[in-house]
């Protein structure tokens, strides 16, 4: 058994050309930036990375590019979920060849499967995969992986960790309590950055966090402050992060806010494969101004030309003010308001 | 505008070889049987047909086989959901060439999209598809399509119907009320056979019902009795169908019960692509004996050699008795009980 | 065993004085009107009647007034849920003395109890009540009563019916299928008027419907058309009712819309015991204009002085137009818009 | 403004006589024990205390007894929710007279109210209460109090804290971030002990925790270790507490497990006001043996005469073993198994 996956893994997005094809050049430039800013690992083909909106061929190509560009600088956790167990095992084989460190496999989705089926699914993969597997629990999108199922699956040496995006603290504690005494090498990664600091304080090894695709330097520092025991600083950063997290996750259908935010850091992400309605195009403009104001607050961007509302430090009010301001600006520009 | 899709469409399963590949010969034999038993149409690549567990290539091959084997005997509603809008439109083009009558496209799944995104998704497809489209609403598995969104989408001539599997009567009435005055040709299909008769009575045009893959003759008769206004007979058949529906849908993770049931009608369905645990293999044996007893009640199979519990006509009790009997038989055979 | 409860029971509201006390005079006037308009029965202390916002003493007084004023003209189904089994049984005793026909008892709420606890709760009451009991299933507000529990409880002669407000057609069919063969006298009442016609067509005996407190003549006719087999008329009335139902139920926190609507029929309902915020007072004005336009459409009220938007018959659009119109009118009056 | 409520408040149960009436003598003995074991405050008429199953008169009597018996030794947070705002305000007045420190008021339940209604409800009470108010958010049982609503309500000086039983870490952080900068005196209490330590680490002031009615000494020590910064000890205690919490909360319908557990500490709690079925009586025996084994592990009770399964430290397995053992013992005693 090896050592646990640790630190902040970035489930990065994939830049596209205007025709919707993968923009390889921009992807490579983005990966270099992420590594330079200090992410501890990369996690291509995650939910933030819209794995589902690519074809099987494209998913393979993405992993190939990431492995090639990373060239061993950081570990790579490659999303390997495919249409069925056989296709998934093939992806595992391929990604090992490409140089991935491990794979992450989401629980079966669409059909809502019982714990017994979830167990059978991962068991079959664990018995056939040539590469270490991180389970991926995201109950808002896929069949939940419950605590007894994690405990049963932790008996397979190939299964070496779990990424949990439930944001449920008690659930995480139950998993750690059930598995860690028997598997020192089993890694617990938190996929809900709104609770990342307390999760780390209670025993998590790291996170796979979409926000690290936008503000990698912030996530890295927050992680380091937490593991160094600087609780006051960590707590403040966590509080601050929630505001940005909420704006990115809840202002538009996930992960559209993330794409907008990454663009603000200077990358050409191209159009979404999920079309936007006219109304959403307007909303996106307003949202992007809000995000830019928050990022300017962090010091990562300039304020938009029209300026930002003065922040009072009062969390929801400030957010409301910013959003209102953004919407009003947009309406003005479109001539619908004086 | 054409005529509405009407009647019972069968979202049939796909028989597999032991190695997991498509058993084309058995599929063709199964399709012939379904048509001979009277299904009004076929609906390959639906949820019952496990579209998600096949690769994109396999999905195309399935439609090709179905179109070829059907040879115009019944209309074909081809499931055409792919990874994104572009891939989906390509499938639409291909399925038109193959000879499909229309396509059915499920709302985006995994990500939970807002009505605005669901609208934008179908709008884009509607503008580019060369073949008529039936929307597919299945809120337990995919992003819901709400009433105002259906009303907006009904403005596109290419969108000619909706298959709704919510089982929600009021929701169906709202949709019919909102759309039918403006689109005489718009078809409303009910995908929840537990409520099929009342849905037909209130204005639905038909159904896409997994049970029609097992007892097509029953579904066909129930539909015909209902549209002929034989309310008493229709009601009795509906009551009876619920029992079978519940056993198939709730006794195992969907659609595993359906596979077991189809086998009882004499088709070699092969192994599921979703692996079964040891416990599930046992459960499957018990469940199949229960299904066989219900089917024997209908007159469609013989009772299992060990016999069935005498039915009292008391619905949940009978079901419990049958299930208990099935489990006990299984335990006996495995030597765990005297 | 007696005869089943049949027809439309009105779960009426209780008019209050400005100081919040019960307006007995107006309540008596309202009850007379409801009976004159043809409701088949009365159902005081239901969810629409805000039973929970009255004290135990007030609930008793309400039943006393209703029994006294009705004087045998229609049957009375008295809501008898109190803090615990003992208090509930006492209410049963008292309501029998007052002259109620039967009581309705909601499943335990707040705590979410298991079927076994729900069974134990009703069993204890059934063994001690001197008056017939209708179970009340309203899963959106209280612990659900599932089909096997209904079947078990139907073994107690004192339990003679169920009022189900789930709106779930398949659930209702399962209950009827499970209970009716053994209990000819067991009554199934549908508490979700958006699906009342199909529920009646499939075997329900009637409904307990808040809308009958506003448009009793409509509900009565719709019921009679349905049981007379005039399916076309019944269907049209059902479609029309949904629009009104949605406006009343979803335009404000239930049952505030109902109070507004009853006032439009000429009754002084007084203030709610649930306070309204300033914003809600404004919203209430707008909503009441919408309701008045719908009621004018039905022919039950005049249009408001400022008129109503011309109806196109296009269901959700009309509703949106009306609501928008109502809001704009309000804003104009408050000087916030030109 | 005063000082924040801090520490562990015990939402204690109320012992009953066999006839269901309040056992005042045992209640006073129980309160003395709780205070002696170190709870920082008492919280009568909470959810654990089954406030809803008492009459209004009984609720008043409970507060009177608690205030009298406590005699100023610890602060008292008195549950004051009644049928409506007026009755609730009257309870506030009465409880101030009795000597309560503050009241806790649960959000409106049964009806699912919107944030605007929740705001209006608490606003009206805040304007009329003569005693400080703690909001009580328990979204699994009552209308949720969302972050903006808490922020709006924190503008009323009478509202001085919130007890949140959601167990949602991110939600708690959002509330603290929104309110604390403006209200230094506002207290955040966590009602979900499965996450108490991390909640305290991130800024909570204490908890209102049913488990403190069973193992007050444990909760007190865990709280003190956490605020003293002994993170390792606190973390271990938290992990250990989860196991007990789960057994108490999920082994039976809440709060029945709590009653069983309190009895094991030597108090005669009497029968529940929620009747038990025959099956539940059996289950209760099995559960109580499990709880006794856990409490024996903690050192708070002896093992049951028949002994406990040897604990391996493997969390869910141990729990399963214990539960299985308990059930088998019970079946043996009842002669159903050899």
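To keep things simple, chains are lettered A, B, C and D as they appear, and every chain counts its residues starting from 1.
The rule we apply is simple: a contact is a pair of C-beta atoms (placed from the backbone, for glycine too) under 8 Å apart; a residue touches a chain by one contact, two chains touch by 3 or more.
No experiment lies behind these values; they were computed from the predicted model shown.
Identification of common neighbours of subunit A and subunit B yields an empty set. Annotation: 36 Å between the Cα-based centres of subunit B and subunit C. Subunit A and subunit C, compared by their mean Cα positions, are separated by 47 Å. Chains that are in contact with each other form these pairs: A-B, A-D, B-C, C-D. Interface residues of subunit C, counted against subunit B in their complex, comprise 147-148, 151, 167-170, 173-174, 176-178, 181-182, 192, 194-195, 197-199, 201-203, 231, 235, 238-239, 242-243, 246, 313-317, 320.
Subunit D makes touch with subunit C in their complex at residues 20, 47, 52-56, 83-87, 108-114, 116-117, 119-121, 123-124, 140-142, 253-255, 273-277, 279-280.
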